[in-house]
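Residue numbering begins at 1 within each chain, and the chains themselves are lettered A, B, C and D in the order written.
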Amino acid sequence: MIDKVVENADKAVRDIPENATLMLGGFGLCGIPENCIQALLRKGVTGLTCISNNAGVDDFGIGLMLKSRQVKKMISSYVGENEEFERQLLSGELEVDLVPQGTLAERIRAGGAGIPAFYTPAGFGTEVAHGKEVREYFGKMYLLENWLKADFSLVKAWKGDTTGNLIYKGTARNFNPMMAAAGKITIAEVEELVPAGELDPNAIHTPGIYVQRIFQGKNYEKRIEQRTVKK
Amino acid sequence: MIDKVVENADKAVRDIPENATLMLGGFGLCGIPENCIQALLRKGVTGLTCISNNAGVDDFGIGLMLKSRQVKKMISSYVGENEEFERQLLSGELEVDLVPQGTLAERIRAGGAGIPAFYTPAGFGTEVAHGKEVREYFGKMYLLENWLKADFSLVKAWKGDTTGNLIYKGTARNFNPMMAAAGKITIAEVEELVPAGELDPNAIHTPGIYVQRIFQGKNYEKRIEQRTVKK
Amino acid sequence: MALDKIGIAKRIAQEIKTGTYINLGIGIPTLVANYIPENIHVVLQSENGLLGIGEFPTEEDVDADLINAGKQTVTMRAGSSLFHSAESFGMIRGGHVDLTILGAMEVSENGDIANWKIPGKMVKGMGGAMDLVASADNIIVAMQHKSRDGESKLLKRCTLPITGLKCVNKIITDLAVLDVLPEGGFRLVERAPGVTAEEIKNSTAGKLVIEGDIPEMKI
Amino acid sequence: MALDKIGIAKRIAQEIKTGTYINLGIGIPTLVANYIPENIHVVLQSENGLLGIGEFPTEEDVDADLINAGKQTVTMRAGSSLFHSAESFGMIRGGHVDLTILGAMEVSENGDIANWKIPGKMVKGMGGAMDLVASADNIIVAMQHKSRDGESKLLKRCTLPITGLKCVNKIITDLAVLDVLPEGGFRLVERAPGVTAEEIKNSTAGKLVIEGDIPEMKI
């Protein structure tokens, strides 16, 4: 049994250096690595490039790291709902690279799976295509897109075991599994950490081979952006 | 609820025409669509191109379809353990296209996911590379490989529901999920067919969107190629 | 009289065929779900990783781990499945989703769509829109016929940055139902109740094709 | 005296570091699993979709749905996971597997390997071998030093169709342990018990580098 458990978030992110490239799981605020983000705030490391579908909100998620000026660049598909983001972008403090969501997901998947480049139709004929190779297949036009990898991937799962196997819950899965595979060092925080052998091998979403460190998270806020209920 | 249940294997394969391209799930004899193969034998349709990691054994799996001369071409990674296969290949009755296993899996995955081509390192410098585009990324050489799709995909799962959601068991999963997505018409045979809502949405391996027909299989033999036990 | 948002959603609901998988964009498209008849069985896809979106939850059933692409809390229907974002866009890109309904700022007469960026304004990003429009075989746009400034949104050419080329099949606005013709041009299919073909013509900057009597929508 | 297969497997087991993920090919590599010390914690990957291969099952535990890449029935260890073939080769291609051990017909002095095809004989296919050798950073070849006909299998250039280029790091044979040098050549690291450097030299057709005293293997 390979044991990957670390004590807490601070120990897990201990060696993330200045100017590192990070991937952070989540869609909106759903499935984000809350504990790791708090630890990064405490650590104060700066110059980070963050690959994340969204950029949090002003006072939660990656928004907090923006406020503390730890982020140099965001690679995302949608960065709305964040005034501080807008201010830093307009003032030139922050760089942003917007990528179509499916292309972002696939580029990360490719990074984890050793596929350096692939063709996708998304963005053909748009400004996303600038400088990219174009090719026609079966009468349709495609762009060549490259893989994305990270120095560290920070993912959040529902359950995990000591060898790093992960199970996500609901739509909190989103970008987490691909990011787990695309990080040189992948840190997983889980709501429930169990001994190896307790999770059904057939139900595991992220095999432990992709995870280098895992810890039991705490105090999950799981903030909801649009609490919409039935009338 | 979209109901995709058909009565049996014969009804499921009713419209597979001569010269169709099929994908058949399985690794060795593990996770193969036994019932669909039997129905194809009864139907007697010929000229088939079969995309399958292996070609069965002489008296089981795709080997039976070879014996009845229904297969024109195999696209596989390994076709050993089959004398009839060898005879037909040497006599020129059968065409075979050998593809590295990971490239085969990824080409099928690409077919289902709308990725017409991608780069992979497998086969660079070998005869597999003949006629293929080569490109260097980060000091390593890669081949450009195209997607694979099928007119019909025949997959075998452990449990399935009436809307086509599938859960596989053990290593019987193998090529089945990618093939389910890469078939224009995907036919799933399952050991246990349950009403929609009975499978845990979080544990589903193949979402029902990929499956057009599903039926309750019967009389599974599940033959073992190498019964190896502890002494 | 021009339709309100609910009217547009109701008219779009009539386009929906049983047995199909549908991706609904944010805004009017999301409303469409409320007007699909009971005998029409569809599965709604949410690109953040869910097939089988159900109703909004009750207060007690709210689950922060179950949201739609608009980040609203939702529930799941019987037969739902959950998956990651690469699988979700594999579904979309691979043509497995039968119908995509989304909003637009502009549509051109050859089916180009612009709906993600206004130069000079803060750019929030394209989200999944570029993947959806580049991949789907059947795209219906739900939008107002004219902008708030009274400018037509059905143009000869889009003036805003493009989201995708030659991809829109049908447009349903507060004034009309229009097909995008393969050879270019908007073919008027139906008029909103009490709206004349003339009014629609005056509100459409791109080429409008009117052949014979144009029926009124039945909502 | 030249090692038997079990001897080769035992010597290879000494190369295995704790905390690693390993893919074992068919034949001698599969035997290696039996000789990994208890205090070395590794996870064995089977490319047909399993991490955490356990022992062979008892008669009662045989499960047709649980096999390894050699199609043998197996069991799972605590902490195992199951996945599909695309994920499995994503793992391999993405460099997540730390060590690959496989057999070979020929290895050249620059690390090329040939192990899938003999011209004139029935071609069974490359299976996952080309993906493994093109992807893994650390490849150990387990093989006999010479063919049944007495020909060296360690060559200047491979004569058989290539499986992969410049990929082998180490070779463990019945006669010796050899590293493949980055600049080309086989560096003799250890001799099998009682086998002389001279014998190894005579059995090696490719460039053999012998520096100083070559220790005997300790098995």
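Here, a contact is a pair of C-beta atoms (placed from the backbone, for glycine too) under 8 Å apart; a residue touches a chain by one contact, two chains touch by 3 or more.
Just so you know, these numbers come straight off a predicted model, no measurement behind them.
By number of C-beta pairs in contact, B-D leads when B-D and A-D are compared.
Taking the mean Cα position of each chain as its centre, C sits at the greatest distance from subunit B.
Distance between chain centres (mean CA atoms), subunit C to subunit D: 56 Å.
With centres taken as mean Cα positions, subunit D sits 29 Å from subunit B.
For the pair subunit B and subunit C, the distance between C-alpha centroids works out to 36 Å.
The residues of subunit C that reach two or more other chains are 82-83, 86, 89-90, 92-93, 135, listed in rising order. In subunit A, 106, 109, 113-115, 120-121, 168-170, 202 are the positions where the chain touches two or more neighbouring chains simultaneously.
Interchain contacts (touch definition given at top) occur between A-B, A-C, A-D, B-C, B-D.
By the touch criterion given at the top, residues 1-3, 109, 111-115, 161-163, 165, 181, 195-197, 201-202, 204, 207-210 of subunit A touch subunit D in their complex.
Taken in their complex, subunit C has these residues touching subunit A: 46-50, 55-59, 62-68, 70-74, 82-86, 88-90, 92-93, 112, 122-131, 134-135, 161-165. Remark: subunit A residues 27-31, 53, 76-80, 86, 89-90, 98, 100-106, 108-109, 120-128, 158, 168-178, 205, 222-230 touch subunit C in the complex. Those residues of subunit A whose C-beta lies close enough to touch subunit B in the complex are 106, 110, 113-121, 135, 137-138, 140, 142, 146, 167-170, 200, 202-203. Interface residues of subunit C, counted against subunit B in their complex, comprise 18-19, 21, 41-43, 45, 51-52, 76-83, 86-87, 89-97, 135.
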